[in-house]
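You will see chain A twice below: alongside chain B first, and alongside chain C after that.
Coming up: the complex of A and B.
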């Protein structure tokens, strides 16, 4: 099987794979995670607010995003983002945004729905008495949330949030459908240029496996370390 | 917004000359459902076997099960599709590889296998969790009654475990339907691919994607309601909701 396996093509393309490809993948993962958690937390707060004009749109948004495949959403936003940009800036024609901006918006908005479900569970895991105590101390809603509830919710949900980030990292490979040079896109371009599909796709699989597996082991260690002893 | 809406586009004939655009989308829906259902059968079979393997007292079986789950969970589905579609025929003996490549509907079979194995790792985790959630006494009682170990799984543990894990299995099945869209990268003309093709041929971007979105939502709602009915029917009496009452003396 390995008789005509060309290790050299992998070594020759390492700079391109990691400098061009993996940088894109990791930057997209990091920024989409931060954006997704911020927007997702807002969605979760809206949903738990008990005010129908806030909770219904948030619930509708989350359910919509969760019932549609990511690939379809990538296509949606690829065509929609230029029009949204036009609407925001008031330009006369749709604004050309780069592939990176388009996929960043897609992943932030899409993953926010999943992060919001995690944060909702996290907020609900905080004991009711905590909110009561905060209010008894005279804290406002914003103070209660930012000093009492959210810090505990984040801590409780940290392993789940990180696991979702690993899923997000794997999901970024789907920007392939827009012919973007992420890690898989770079591997795929070399594979097709040099006719070395076997080598490049196996190498890509190994790299994805190592990163995801190592990250999930770290999450497991973190989980046992930060667990609150009750 | 200088976008020309044209909802009548669905009833115009698509470039294949036979079907209207609406019909091509419905054909795509058929492929989506066929792929997801076939992959789900595969996922349930292998997921159950691996999930059971992880709970057996044999260390080598449990380790194999764990390795299986880690392997299929830590590689993106898209990469797995490429491995099955592009790499597998090359590393097999030449005549087998050529036969695979010339198979009619090769992308359908590949998508089913890739999606099936990918989902099976997730199903395995659920099955394992379901079996572990049962009281230890259940298996002990089964063995004490003279059932063999396979029989204890088949007649005692699994029937209970499936009823307990039905809700998470429902969401795995919904994921399976959504993930079938990844197969468009290997040329399967499922729903998302048809919407993409319609957009390329007719330039009616938003109509095409709106229709696909609506179809996915309808499938989602139908599956959710159908499964909720089955869940109610299969719920274990006295288990859901409050924990079972503790016996006191």
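Coming up: the complex of A and C.
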């Protein structure tokens, strides 16, 4: 049944697919994960601070981000970020940041909302008494969080954080709406150019599957390795 | 050393502490006892500011705990505290538990902190467990590590909040032994406990609480031989029966 198909097109386009496409996808995934976890943790701390001026904006932000489709956010930021840049720097014209910067900002801000919910659960999973013990030793709020609470929260939540990262990895393919050459974008371009839609999309699906599945296996193995001995 | 005067505390409308006053001199060991829910744990947590209180004053070594201007972390670093559920940091090894606050709070060097940590582990008889994690130790061992962790900060006084209540019976003595030795060394101690044997042996005074109030505050011998209040008499007759 595959007699009409030309799978050589995959071999021929491998350098383009991986060197251009996958590099972009992985870079975006890695940077947005790091940025998202940092900003998300900050949001979680704000929400749990018990201070209304901090917790209300954070809660509003998280709820807003989680109620808007990601594609919409990607579009929105693509058109908005240049104006925000203009507003911040006071430049006379919108600052063009490029599709990569724009999508990185979008994914970081969007994923932060999800990471913040994960980290909030993680922080709450650390026993109350741990905070008391740290404070009793003279630690400040920042020290208590950085040495005692957050390390335990990260460990408790590591499997969920990594699972969210795998979802993020798949979601990065949505940047195709900005005509960016991520892995799927690259596959798509070759597919259109050579008229090999089935082959390329099939191959792209297999690659996404292999990477995501391997990563989730890794998560499972890691889980037992990093668990806190109780 | 520690002075509580007219301390009251409310959880919303419920008053947990009612006009509590007492004093602990340097080198004195005071046992706080009473039925559960009498406010003794809350009282001891007020002493290092882990629990806020609304009325009265508490001073520790001339520093007012309730004062907004007081640097609480700095004050707490000088008061050791041991908890009912040990509260060792489960993600850190025993040695890291002992050195973390020395390094981060007191600014000691890694080397100095570890030396002191080792010396204290030796003192509580757990030298060979330095590289283990808390979860690998028994309850009694964990509580001894927790005492060593508090001592590593060179505290001027030690607070114990029911240190043996969460332990299996056969582990209670190993912890009490450490506490008795500490008391004999002249450490200022405030101990919330039901261990009346310990109280008899080392306490200078016993404070008896009920329903948020300090009912009796008497030298140990007086408290056990001729308690003045009916409430304390009933309490003693109940727990000394066996």
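Just so it is clear, the second predicted complex is superposed on the first by the 229 of 230 C-alpha atoms of A that agree within 3 Å, B and C clash if a C-alpha of one lies under 4 Å from a C-alpha of the other, contacts with A are read in each partner's own complex, and residues count from 1 in each chain.
We take it that a residue touches a chain if its C-beta (ideal position, glycine included) is under 8 Å from a C-beta of that chain, and two chains touch if they have at least 3 such contacts.
None of these values were measured; they are calculated from a predicted model.
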Handout entry: Combined model on chain A: chain C and chain B, fit or clash
Key = fit
Exercise for the section: State whether A:64 touches chain B only (first), chain C only (second), both chains, or neither. Expected result: first
Problem - Partner chain(s) touched by A:129 [first = chain B, second = chain C, both, neither] - result: second
Exercise for the section: Determine, under the contact definition given at the top, whether A:151 touches first (chain B), second (chain C), both, or neither. Expected result: second
Exercise for the section: Look at A:216 in the shared chain and tell me whether it touches chain B only, chain C only, both, or neither; answer first, second, both or neither. Expected result: first
Practice task
Once the structures are superposed on A, label A:177 by its partner contacts, choosing first (chain B), second (chain C), both or neither.
Solution key: first
Exercise for the section: Have a look at where A:138 lands relative to chain B and chain C in the superposition and call it first, second, both or neither. Expected result: second
Practice task
Scan A:72 for contacts with chain B and chain C and give back first, second, both or neither.
Solution key: first
Practice task
Could you tell me if A:96 is touching chain B, chain C, both of them or neither one (first, second, both, neither)?
Solution key: neither
Problem - Where chain B and chain C come nearest after superposition, their Cα distance in Å - result: 21
Exercise for the section: Share the list of chain A residues that count as touching for chain B in one structure and for chain C in the other. Expected result: none
Handout entry: Contacting residues of chain A [partner chain B, same complex]
Key = 1, 64, 67-72, 75-76, 79-80, 83, 86-87, 93-94, 170-171, 173-174, 176-177, 184, 188, 191, 197-198, 201-202, 204-205, 208-209, 212-213, 216
Fill in the blank from the handout: In the complex, the residues of chain C that touch chain A are 45, 48, 50, 72-81, 83, 85, 87-91, 100-101, 104-106, 133-136, 149-150, 153
Practice task
Going by the contact rule at the top, pick out the chain A residues touching chain C in the complex.
Solution key: 127, 129-130, 132-140, 143, 147-148, 151-152, 155, 228-230
Handout entry: Residues of chain B defined as touching chain A within the complex
Key = 1-3, 70-71, 73-80, 82-83, 86-87, 90-91, 174, 178-182, 184-185, 192, 195-196, 199, 205-206, 209, 212-213, 216-217, 220-221
